[in-house]
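Some structures are shown below for you to check.
The same chain A turns up in both complexes below, where it pairs with chain B and then with chain C.
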Partner chain A sequence: MRRLLWLSVLAAVAIAYPLLLSSPFQQRLGALVLLYAIAASAWNIVGGYAGQVSVGHVVFFGCGAYAAMGAYAKFELSPLFGIPGGIVIAVVLAAVIGVPTLRLSGHYFSMATIAVAETMRLIVTNTDYLGAAVGLSGPTVARNIFDLSFISSLPYYYLFLLVLAITLVITWWMANSRMGFYLRAIKDSERAARSLGAPARRTKLYAFMLSAALTSVAGALYAMMFGFVDPESGLGILISVKILIMAALGGAGLLFGPLVGAAILVPLEEISNSVLGGKGAGLTFVVYGAIIVLIARFQPGGILSLFKRRSKPASEAGAPHAP
Partner chain B sequence: MSFVLVQVIVGGLLLGAVYALFSSGLTLVWGMMNIVNFAHGDFVMLGMYVAYVVYTLMGGGPIVGAPLAVLVLATLGVVVYFGLIRDIMKGPMLAQILGTFGLALLLRYSVFWWFGADFKSLPQNIVGGTYAVAGLRLEASRLLAGVVALLVTLGLHLLLTRTSLGSKMLAVAEDATAAQLMGIRPDTMQAIAWAIAAGATGLAGALIANFFYIVPTVGETLGIVAFVTVSLGGFGSVPGALVAGLLIGVIESLSGYLIGAVYKDIVVYILFLFFLWFRPQGLMGKM
Partner chain C sequence: MLLEARGITKAFGSFKAVDDASVTLEQGDILGLIGPNGAGKSTFFNCLTGDLRTTAGRVLFEGRDITDLAPEQRAQLGLARTFQLPQTFEGMTVLENVMIGAFLRAAHRTEAETKARAVLERVGMIRLADAPARSLGTPGRKRLEIARALATEPKVLLLDEAMAGLNAHEVKLAIDLVRDIHRAGITLVIVEHIMEVIMSLASRVMVFHQGKEIARGSPREVTANPAVIAAYLGTRAAKAAAGHTPIELMGGPT
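Let's turn to the complex of A and B:
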């Protein structure tokens, strides 16, 4: 019951935010927080719940971004039509990457995903059809509403809010389904889970594919809002890192962890960029790095795990493990 | 034609020796503590910037720059071990990955913020000129880097296998608790391992600074090169890292020459994925 109350408060705040704080900067900030929250929540499925730390999620992000912009640049369609295409490509790619790499445990999986992401970035940078280093652009002026090219951030805000809600519902549903239980068992001990009959490899792969599909949607939305994609903004390793850090900062494996992480880090980045100007780009990531090191060192479960520990009665103290 | 090929192979071997040097640091830490340092490439980058600062402030070449870089990086290695690694080692895997990843960002963008994003380079003539040996043109800076890196990597191998310090370190790697019961302090040995690993990256960075482009993000590429080398050579094996480093140097320069410079990284990354998938224990490692 209390949970439901908190949830409705959160929803009310989210809906009212851009109307109460209505300057363009604040609305844009809100939209960006939601956008990164979508991507980080998608990562959370495989990185948090399944415990497979992917550092290559930008590949799927790029699939969505390139599919959305490609739909316009190559076929004169609305970028919206690129979304299903992006999802299909991302899911297929996830299967191709996942089948061999999910056998690898721990660090090996992380390294393999980095290498995949960097390979993709280099290949796309050298592919003329995908715009090479320049990338692809969306419609400069909206032809109709389906181009989703708005000057104000407000429509994007509500669109992203809707998608985030869907992502969180999917995550919640997954976490409470049989798959969620399998994933938690696999994360605690893959060997034990397997010996009890949990289909570890298949479940991890499904989680990876689901996560890839949702990340692809985030990528498509990102490209629509910014109106273009290039290898750096669509496939750069920093995007992976940002997504991962937001989820981990808030609390990996917790439903609202990624949203909390995004709500802290996105404003930090945007404000420091606008205050410090171009020089701030470096400093922002110095702060990012420092935050991650401190989180890893002192609170590996993320910020929400701190809160959770306090609110849980002592009887449950042993149950929730830090991821 | 074939003559140019020999030139390319020799160049690849010289660069490969440097790869071997900094990768043996990664493999040492990995083999001993089962922790992957995602900031390893950025350590090399720091070594390059130490050499750059030494040159711009004092006009000194690698004779001054290299020892200083070793000292600075070894100190950093010890600080990182006691400040971060010692605690996250026992923690969950996500914390291990995040910790060293955060460190990588911290180092990379501190340098970015301080020195800017533009490419820096040291004048070619700090270390001699170009020699012609049996018709091959060899730049003195590359020759120096390759030979020193090769000797130091071999020295590292001897240190680990022939000295009592090496035996103690291997004992800790084998079983830290048992080693502790025999009167060896795991903490000290692991800190020494970090000092050696980071010192090796410092030396490698200072050596390649003379002919490589110096830029804050170079650590990303070099880090992946180190992962490739270690996965190819086997985790924890210094001789493996040496063979793999030389091999990757050659493969990289050959593919750069035969297919095109922009594809040489792709070839190395795909090789890496191939090895992770089909032979995760590496060429010479054991599971």
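Let's turn to the complex of A and C:
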């Protein structure tokens, strides 16, 4: 019941926000928070629940971004038509990347995903069909509403809110299914999970593919809002890092963790950018580094883990077989 | 025949941890695997569960060759195990830990939860259902290992030193639990250091020494076997010990 109440409050705040704080800056900020929350929530499925810390998720983000812009630039279609294509490419790519890399554990998996992401960025930078270093652009002036090219951030805000809601429902459903339980078990002890019948490799791979599909949608939405994609904005490693830090800061493996992380980090970055101007770009990295250190040192479970209902430890509930 | 191992060899480089070991397990058996430290019993055990790939030899379960099956596929067929060092899912509650096992034969959460609660009831941990598993001590973790394995509804349960680290009272309780499991029709393989456990539980014993099987038979037979005493205590001590009851020398009941 209390959970339901909190959910309604959260939903009400999310819906009312751009109407109450209605300056273009605030609306844009809201839309960006939601956009990153979508990406971070998608990452959370494999990075949080399954504990496979991918630093290569920008590859899937790029799939979506390039597919959306490609649909317009190459076929004069609405960028919306690029979304299904982006999802298919991302899922296939996730399978190709996942089969060999998900065998690796811990840091080795993370490093392998970085390598894949950087390789992909270099390939795209040198592919003329994808606009090489210049990238692809979307429609400059909307031909119709399906081009999703708006000057105001308001329509994007509600579009992103809808997609975020869908992403969270999918995540919630997964977390409460056998798959979600298996992922959490694999995170703690893959060997034990397998001994109890959990098909570890297959489960991780499905999670990776689901996560990739949702990340690709985030990438497509990003490109639509900004109207273009280039190797840096669509495949730069910094996007992976941002997504990861947001989820970790809010609480990896918790449903609303990524949203909380995005709601803290995106405003921080936007404000520091507007205060420091172009000079701020380097500082962002410093801030990210500091945040990683702080999370790791003081709250490895993320901010939301502070509020998690504390259940009674076994010692208070009585010994397993009281003598 | 429920479980059969034929000529299992496991080599790490040129070192043969298990050398040509065979065993058969009938429905209702409690097979004890014993031997000094480093004798190869755990390696042999892990070859049965699929955690290690055998270098040579076959493993059969209900007549079917399972040598190349992964641990999760063996679990599906009805083979369950516990770990010597408990592999507790730390981020979960006690109930959720058991649900992971129950999910093998339950597709939905509510069904898995019902099954898991029944198992916790059976092993006497129901009061701890909602406690975080990480708050359990060694006895609780050991028992949770068994509960999780039981939740998979196994035909054969392999216990890897399930009593190690328990005090005398806790060992008694654990023995009772294993007896109870056996009465429910589950066949058991136990690797154990504590002689008392083997003596009171095992129907048959297999003794390992330096990767080889050196004796098999009833617990009393093997503990009277000079080769077994020599393996545990050295040849000279074995000679000196002649005339004493071997069980006594190994710390068993007198």
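Everything that follows uses one rule, which is that the second predicted complex is superposed on the first by the 308 of 323 C-alpha atoms of A that agree within 3 Å, B and C clash if a C-alpha of one lies under 4 Å from a C-alpha of the other, contacts with A are read in each partner's own complex, and residues count from 1 in each chain.
In the analysis below, a residue touches a chain if its C-beta (ideal position, glycine included) is under 8 Å from a C-beta of that chain, and two chains touch if they have at least 3 such contacts.
Source: prediction; values computed, not measured.
Could you tell me if A:R191 is touching chain B, chain C, both of them or neither one (first, second, both, neither)?
A:R191 sits against chain C, while chain B stays out of touch.
Applying the touch criterion given at the start, work out whether A:Y288 contacts chain B, chain C, both or neither, answering first, second, both or neither.
It touches chain B, and chain C stays clear.
Per the contact definition in the header, classify A:I170: touching chain B only (first), chain C only (second), both, or neither.
In the superposed model, A:I170 contacts neither chain B nor chain C.
So in the superposed three-chain picture, is A:F181 touching just chain B, just chain C, both, or none of them (first/second/both/neither)?
In the superposition, A:F181 contacts chain C only.
Which partner does A:L122 reach: the first (chain B), the second (chain C), both, or neither?
In the superposed model, A:L122 contacts chain B only, not chain C.
Which partner reaches more residues of chain A, chain B or chain C?
So, of the two partners, B touches more residues of chain A.
Output the chain A positions appearing in both contact lists, the one against chain B and the one against chain C.
323
List the residues on chain B that touch chain A in their complex, please.
36, 38, 83-84, 87-88, 91-99, 101-110, 112-113, 117, 220, 224, 227-228, 231, 262-263, 265-266, 269-270, 272-273, 276-277, 280
Any idea which chain C residues touch chain A in the complex?
Counting only chain C, the residues touching chain A are 49, 51, 70-72, 75-76, 80-81, 83, 87-94, 96, 99-101, 103-104, 107-109, 112, 124-125, 127-128, 130-132, 135-137, 139-140, 143, 148-149, 151-152, 169-170, 173.
Show which residues of chain A lie in contact with chain B when the two form their complex.
47, 51, 53, 55, 100-101, 103-104, 106-108, 110-112, 114-116, 118-119, 122-123, 125-126, 237, 241, 244-245, 248, 252, 279, 281-286, 288-297, 300, 322-323
Show me the residue ranges of chain A that touch chain C in the complex, using the header's touch definition.
176-178, 181-182, 184-185, 187-189, 191-200, 253, 311-315, 317-321, 323
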